[in-house]
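The letters A, B and C name the chains in turn, as written, and every chain counts its residues from 1.
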Amino acid sequence: MPELQFGVVFADFDLLIRAAGTTALLWAAAFSVGWSAGWIVAFGRRSPRLVLAIPARGFVECFRNTPVLVQLIWFYYALPVLIGIQMPAFGAAVLALGLNGTAYCAEIHRNGLQSVAIGQWEAGRALGMGRLRVFFRIILPQAVSRMIPAYTNRAVEMAKNTSVASVISVHELMYNARLFSSQNYVPLETFTVVAGIYFVVIWPISLASSLIERRRSA
Amino acid sequence: MTSPEPVVLSATAITKRFGTVDVLKGVDLTVRKGERIAILGSSGSGKSTLLRCLNLLERPTGGTIALDGRTIGRPDGKGCQRYDERELDRVRTRVGMVFQQFNLFPHMRVIENVMEAPRGVLGKSKAEAQAIAERQLAAVGLAEKATAWPAQLSGGQQQRVAIARALAMDPEVLLLDEPTSSLDPELVGEVLAAIRALSDEGRTMLIVTHELGFAFHFATRVLFLHDGKVLEEGPPEQVLKAPREERTRRFIERFTERRF
Amino acid sequence: MPYVWDFSAVTRNWTVLLSGLGGTIVLSLAGIAVGILIGAGLAAMRLSGLRVLRWPATAWIEFFRNTPPLVHFFWFFYGLPMAFGITLSSFGAALAALGIQSSAFFAEVFRGGIVSVERGQWEAGRALGMSRARLFRRIILPQAARRMAAPFVERCFELVKTTTLAAALAHHELLYAAMVVVTETYRPLEVYTVVALLFLTVLFAASQVSEWLEARGRAMQGR
């Protein structure tokens, strides 16, 4: 077994940290898109009108039943052919990861809303509150607190998914790791350190999620 | 009176501590063959814990349990008993238990629930086990439910199956832990009737219950537990009609007031 | 000018895509098998009363659940050979990464199913004098298995989707086969759309079947 050269990796540690910044940006952008657009799809799914409910269901099934790498490649290589505009890699990644997140967030929102008893709607309406007011003042606060563990799980999955964007050359952490390891011939050290960086960032979220869940059930 | 029946089960100086709470503070109990003992007490008095210590589902912190005069486990030299899993398995085949929550096996049909232990633990043949199960189900009036799933039965029926399941092992002692407490009021009667029927065959039983009327007519002896100790015991006429202890009297009054 | 779809790139190269699909299926099945084996061991360790077993299993599970699978793929393909002088084929590296990564998830599925069985079931079995082994096999496992079914199937689907990462190691599975066809035909839209539709059809159909089976299983026990 050759001597491990972690020193080489740590000498350029700031390079990896800067790349991690891009990863964080991609993560935040994709999660924002997914969380917000998820509401639109969730309301589509809850709608009694089939012209809304069926496409919403179709959207969710499409994104949940195909690999995220295929989605990424499709948005980066295939979509431009269709619309005639070449997107930058980062844009394609935000779009693909964001829409992927949309599908999952839509289901979280939908389940959260469903978990609030019908009686809460009725009680609000019986007090003469408008539909929007009932939704924002009564339903949403109850639903969101129940959804927090699911949101954090999704955030973890999305953080891991950002690494896939390296395949379409988004210069985030994983891309720089691949570059660095092939330039310096230290793949074991590089990927170990990079796995460590991901773990240090992602694990606290998982931990918080399970703590919240335990507190809720207690 | 003729010579007393032999002692089947006895507990000596049983203590049980959960964390910092002493639930049982030294209970002595001798059960003779054919006795039917009702254990009363308010919640938190330790009555369910005592019952669960008797078949060692709960291991006592101190004291010993003896079945047929043989002490279970061996002293560890520090004042406690050490138990061997296989020995406990053998003990439990001879001390049956019926739970408050029935605990039927939901993935097995009714008759499979009753056959499981005679087949798997006593090693009976399938035909033997089936015959035993059919007999026990008939005894609790559920012969026609043999192929039903537990989830298809009412609470009262489930508890009768649980009784049949315990009796299929032909235990020397049957422990019943609040067998009617989680039932709707209208289903209590059928379960109590099934238990009463067992007294006709001279089965040795200990029952933790809040049904004072049932305890009065059914039990040969009543035990009143308070704060982890036996406060009073004796024949039902004495303990329930003329209690010596103030606490016992108050307990009985509270229950009778609530009833009527 | 509207785009003119042309699927001949797919139809002329269907044997390449088909062999790629074969690669995906083989990798999926092998990955699931390895994941189940290691996962069962990890679950047993986490459920054991011994801290020396519980601790490493927990660390393993937490690490692989909280790091991206693509890193594992690269670690096994590029990192491991460099350090230990053993070379893994792209299949070997992908299988190791998939199996080990999914073992962390399978372990939690198994453990979750077992701890979800009510304490009363253990007590009822013990009160009948059943030995631990028999009680586990006859009473706990069948009930746990039913509760594990849905999350287990979900984990398998996740694993099937994750197999596409092997394309980054140039392993011949469906996505990599598609990449090869695209470089020859310059028809990314048609080829990648077909690949997406293949995954969609297979996984959606499988999820419908598993939901139906689950509903039937519940109905059979009168619930």
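Side notes on the structure shown:
The criterion applied here is as follows: a residue touches a chain if its C-beta (ideal position, glycine included) is under 8 Å from a C-beta of that chain, and two chains touch if they have at least 3 such contacts.
The structure presented is a predicted model; accordingly, all values stated were derived computationally and were not measured.
Chain centroids computed from C-alpha atoms place C closest to the centre of all protein C-alpha atoms shown.
Of all chains, the one whose Cα centroid sits at the greatest distance from that of subunit C is B. Chains A-C form the pair with the most C-beta pairs in contact. Taking each chain's centre as the average of its CA atoms, subunit A and subunit B sit 55 Å apart. Taking each chain's centre as the average of its CA atoms, subunit B and subunit C sit 47 Å apart. Distance from the subunit A centre to the subunit C centre is 20 Å, each centre being the mean of its Cα atoms.
Of all residues in subunit C, none touches two or more other chains. Remark: subunit A residues 1-2, 4, 61-62, 65-71, 73-74, 77-79, 81-82, 84, 156, 159-164, 166-167, 174, 177-178, 181, 185-192, 194-195, 198-199, 202-203, 206 touch subunit C in the complex.
The touching residues of subunit C, counted against subunit B in their complex, run 118, 120-121, 123-124, 126-132, 134, 138-139, 142-143, 146, 221-223. The touching residues of subunit B, counted against subunit C in their complex, run 55, 57, 85-86, 88-97, 99, 101, 103-107, 116-117, 120-121, 148-149, 151-152, 162, 165-166, 169.
For subunit C in complex with subunit A, the residues that touch the partner chain are 3, 62-63, 65-72, 74-75, 78-80, 82-85, 157, 160-165, 167-168, 175, 179, 182, 188-189, 191-193, 195-196, 199-200, 203-204, 207.
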